[in-house]
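These are the structures in question, set out in turn.
Both of the next two complexes hold chain A, though its partner changes from chain B to chain C.
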Partner chain A sequence: MARKTIIERLLGIDRRVVFLVVFLAALIPLGFRDALRMPIKPGTFSTRFFDEMEKLEPGEIVVISGAYDPSSAPEIQPMVKAAARHVYRKGARILTLSLDAKTPPLLERAVREVQAEREFNGREFRYGRDVVHLGYMSGFLLVIKAMNRSFKGTFPKDKFGTPLESLEMLKNVDDFEHVAVAMEFASMGVSGAPVAAGLVMFAKPGNPRFRVLAGATAVMTPEAYPYLQSGQVKGFLGGLKGVADYEELMGTDTEYATAGSYMPSQSVAHLAIILFIALGNLGYFLDRRRRKKER
Partner chain B sequence: MKRELPLLITGLMGTFLILQVFVPHPPLDSIDETLTDFALIVIVFTMILGIINLIATNLRKITRSKPGWGYAAITIGAFLVVAGTGMFNLFEERSLKKEIARRNSDLVELVVAIEASQMIADPSRESYELLVQSVVKSLSDSYSMDARILQESGVDPREARHLLERGMPDKARFEAVFSPAGINYEGFQILRERTQTRIGQVADYAVPYGKALLSMVETVQEFLAEWPEWHSELLALESNGGVIPPERYDFVLREARQRISPGDFDVMGRTVPMGAKLGSQVCKSVIERTKTEMVALEEEALRRDPDARLTEDDARAATLARNIPSEVLADPAMVLALADFVSKDAPLEGLDNTRKMSWFATFYLDPILELDATEQGSAFNWLYEYVYYPLSSTMFALLAFFISSAAYRAFRARSREAAMLLLAGTIVMLGMIPLGNLLTSWLPEWLQMSDVADWIMMVPNMASQRAIMIGVALGVISTALKLILGVERGYLGGD
Partner chain C sequence: MEISHDIGIWIAALLTLGIFSFLWGDNPFYKICEAIFVGASAGYVFVIEVRNVIEPKLIGNLADGNWSYLIPGFLGIFMLFRLAGPKLSWLSRYAMSFVIGTYAGIFFINFLKENFLNQLSGTMVPLLVFDEQGWNLARSIDNTLMVVGVFSVLVYFFFSKAHKGAFGVTARVGVWYLMISFGAAFGYTVMARVSLLVGRVSFLFGDWLGML
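Our next item is the complex of A and B:
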């Protein structure tokens, strides 16, 4: 059997080799997260997200809407946790809702984990006062449209079957008028509309303090830019890097800065993929030059 | 007509919805609200259609033994298990919370006592002090009894109480104390949250209503003393299935009205030993009547004198009467507990412990133990956490490998455009990781990787995104117009 030339080797790397290298590139740095921690330079929109959250006043309500599922939880869950952490640091309150049936347990878990973090030790969190989970409602963007009219009309009960009017936090709150920030974390556009488009289109309170923020998986990030440039969405967390930026700005304890600790792994995996693309292109150009010469 | 009617409806609805966007004023906005509600309901039905389709398609595959019928069977099986656990809360014995409660009911009570005592400390709730103190009192009685059970589980009751009285302890400290009894931290935390909500609800509604109901029950008691036949009448009705037939109900009401001046009361109070159904039915009416009376009381007072001030209790009761959720009235357990509270436990003094605990159990334990299907510890949640979560994550994680392989094979600079795409892609990939900046930190800031990536996203990407969005919007408008004007009829089926 003839020996393979370099060009053939470059062009014919077995896919199992690609899989193995990417796997190791993602796995090994996870074992050296602290040693490989790199300085993070926060991006423009993560900084804006942070600035908007900094403006929260104690007692204000923040709506956290989720449309993601376990498959994208590694990327989105740290966003929700970081946002919830910031809300509680500012003494504000959280109202969660889901436009995807698979999201409620994830939102609940995120808030619960944040409440148990060390920095909130000794602080008494009470369901109904500091957080309310509305759960899932089918209808996609129409849910936001209906909520703009009445929260209680759209969600008569919370996720646990408790009437909203009997929950302390929502006694006098029935629409976005009393909401300071509404944010959407999504792994995909909802019902074909880009991330946070529902909030931008349908949540229209007269309250000047009302702002829309968003976060999405890195692959969905490009869709959000038109809304960011127009100012309809005030801040944005794009992928794991966006959360790492946000965690950095918040000065999150390294124990809870999940996104920051995944950055080395993502960095090396990206490098590995870039390396394979470079090798493929090198092989392609060498092959093209060889063919030209042969002609 | 079969085709014209849908076309007409589509045309009218479409025209109306367009009008509503440009003229968001009455009556168009209110009609739009109704239509939004319609749409939300219709969307739910689409889910049902989807389920029927899923079952029909897979059943057909199985019955005809088509290739892959085994997978179809698994799909249907998985659907039934998930729907069963989610909708009917099957396999509830898996419930962590229930398990905790079964083995450690004392713990649940302890939590309620502590939560209640914290509420007293909150000055804004001092009006409910009587109720809450009573709960604490009844629970501290049971606590001394249950301390023995805690000790048997290997937990020092004094240490446990000391730990919990300071609020929710951190996980490590909690487990250090409670792990001998096998009590799970997360389950305990959920239990505690539900208890807090429940106490808040009871405190808000029970006290003013209890007072109002108590006065009504006193009236009924007087009536009973005058007319003992009524008691036997009720007992006879109860033995007849426990539900008052409407004609008998009217009869008793009529008789009652004749003997007491009209308007004094409308129904019979729960002052005699009756079965659950009858008691619930009667008490429900009492509460409804009270609600109406309280609102009327306030309105009448204000009508007579706009500056009139109701007594503090009456004003609160009237406010609450307006806001009382219908769910409270629709919940027989709640109604019965209110009845017990009024007839037996108010003001909760001089009562035996069993009675107090039964009241407590109706209010607190039952709703707490009634698991929401999606809560932690339920079978549905178990399926979500340990089956769906890992499977879904695995499938998505595989994408990383396929994308890497595909990028290596297909991402080639074959033309100038492809080379630009390759360059932009590489820059954005590097810009999305801290390493990108680290590699270019020696360059001026505007040339560093993240800034260049930001520029690519902000300028060329956004221009194309906007173009796509505008293109899609124009497409949607033209399709919508074709539908509204009846040019596009494909959705009707047939030709």
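Our next item is the complex of A and C:
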């Protein structure tokens, strides 16, 4: 049997070898994440996100809207946690809502985990005062339009069945007029629209402090750029790298900086993919040259 | 190293391995995991829709004597007649036309303003930017690249004139812009998939096997 040439070997790499190498490239750096921790240079949009959050005043309300599910949680959940951490550091309050049926338990869990972090030891968080979970409401972007008129009309009760008027945070709050920041974290375009489209189109308070921020999976990130360029969305976290930037800017404890700890794996896996792309192209061009010579 | 004793984590880990097994090749374990995933997702969403929407918004309001809620109730039932065969499926068109008409009406003004007019004004930026420190070279280049990009891509999609001469060169520049943006989008897609993989690997070797 004739020995395989380098070209044949390059073009014949089994896809399972590629999967295995990428898997190992993701796994091995996780075992050495503290030693491999990389310097992170925050990007423009993550910095803008951070700057806008820094302007929060104690007691202000931040709306966190979610449209993601467990399959995209590794990317979005660290974003929600980082934002919630920042809100609580500034002494502000959180109101969550979901435009996807699968999001509410994830939002609730993210906020609960942040409240239990070491830096908030000794601080008492009370449901109804520091956080309210509105839960899911059907209607896609029209939910935001309805909320622009009345929170209580749109969500008569919170996720746990408590009437909104009985919750301390929402006693005198019924629309975006009393909201400082509204943000959307998404892994899917609600009604096929880009991330934060509902907030951009329908959340229209007269309050000049109101601003829209957003975060999305890396796949959805390019769709958000038009809103950022025009200033309709003030800051943005794009994928896990965006959260790593934000965690860096916030000086998050390494124990809780999930995205930052994933960056070495992310980088090594990218290198492995780039290597395979280069090998594939090398094989292709060598093969093309050989065929030309044979003709 | 301490393996998890949580049954939920064990189920999640085995299902993750089942889905990953497709990378080796199609197999019954993968099929079972796929069916569980689809069934659990559909069942969960159904229950949430009933609890959060149908019970409070429809049944609750009808119980309070708000009979006008019968109209959306019937429209919702009409939607299901799409499955009822040709004799009754026409009823679903009333529900569909109501939904499409409502969405079109509500979205028209806001969509036009935020996704068209504001985007237009966002493109009308100075090519030479001056700030307190004088000429801002970086922002000037940024704005110029954006304006050239928008213009050349629009030219590329203008098919009523042959892409020849200066028009063709501009269209060619537009193609370059499109290719670069597709490349960036593809890069982001790879990054997203790797992030999800890292998340799962972290779960398997950290939460489940306790090795990390």
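The definition used in the following text is that the second predicted complex is superposed on the first by the 295 of 295 C-alpha atoms of A that agree within 3 Å, B and C clash if a C-alpha of one lies under 4 Å from a C-alpha of the other, contacts with A are read in each partner's own complex, and residues count from 1 in each chain.
The working rule: a contact is a pair of C-beta atoms (placed from the backbone, for glycine too) under 8 Å apart; a residue touches a chain by one contact, two chains touch by 3 or more.
Remember, it's a predicted structure, so these values are computed and weren't measured experimentally.
**Student:** Regarding the shared-chain residue A:30, is it in contact with chain B (first), chain C (second), both, or neither?
**Tutor:** After superposing on A, A:30 lies in contact with chain C but is clear of chain B.
**Student:** With both complexes superposed on chain A, which partner does A:221 reach: first (chain B), second (chain C), both or neither?
**Tutor:** both
**Student:** With the two complexes superposed on chain A, say which partner A:231 touches: chain B (first), chain C (second), both, or neither.
**Tutor:** In the superposition, A:231 contacts chain C only.
**Student:** Of the partners chain B and chain C, which touch A:205 in the superposed model: first, second, both, neither?
**Tutor:** After superposition on chain A, A:205 lies in contact with neither partner.
**Student:** Under the stated touch criterion, name the partner, chain B or chain C, that contacts more residues in chain A.
**Tutor:** Looking at chain A, the partner in contact with more of its residues is B.
**Student:** Per the contact definition in the header, classify A:165: touching chain B only (first), chain C only (second), both, or neither.
**Tutor:** first
**Student:** Let me test your reading of the model: by the given contact rule, A:149 touches which partner, first (chain B), second (chain C), both or neither?
**Tutor:** A:149: touches chain B, not chain C.
**Student:** Tell me the contact category for A:262 with respect to chain B and chain C: first, second, both or neither.
**Tutor:** second
**Student:** So chain A touches chain B in one structure and chain C in the other; where do those two contact lists coincide?
**Tutor:** 19, 22-23, 26, 69, 71-74, 102, 135, 137-138, 142, 145, 157, 218, 221-222, 226, 229, 238-239, 241, 266, 269-270, 273
**Student:** Quick one: in the complex, what on chain A touches chain C?
**Tutor:** 16, 19, 22-23, 26-27, 30-31, 33, 69, 71-75, 101-102, 135-138, 141-142, 145, 156-157, 197, 200-202, 217-219, 221-222, 226, 229-232, 238-241, 262, 265-266, 269-270, 273
**Student:** Which residues of chain B touch chain A in the complex?
**Tutor:** 33, 36-37, 39-40, 43-44, 47, 118, 166-168, 170-171, 186, 189, 193-194, 196-197, 200-201, 204-205, 323, 325, 327, 372, 374-376, 381, 384-385, 388-390, 392-393, 395-396, 400-401, 403-405, 407-409, 411-414, 422, 426, 429-430, 432-435, 437-438, 448, 450, 454, 457-458, 461-462, 465-466, 469
**Student:** Given the complex with chain A, which residues does chain C contribute to the contact?
**Tutor:** Those residues of chain C that touch chain A are 23-24, 41, 44-45, 48-49, 52-53, 56, 103, 106-107, 110-111, 113-115, 118-119, 121-122, 146, 181, 184-185, 188-192, 194-202, 205-206, 211-212.
**Student:** Please give the residue numbers of chain A that touch chain B in the complex, ascending.
**Tutor:** Touch residues, chain A against chain B: 13, 15, 18-19, 22-23, 26, 38-41, 43-44, 69-74, 102, 104-105, 112, 116, 118, 121-128, 135, 137-140, 142-143, 145-146, 149, 154, 157, 159-163, 165-168, 194, 218, 221-223, 225-226, 229, 238-239, 241, 244, 263, 266-274, 276-277, 279-281, 284-285.
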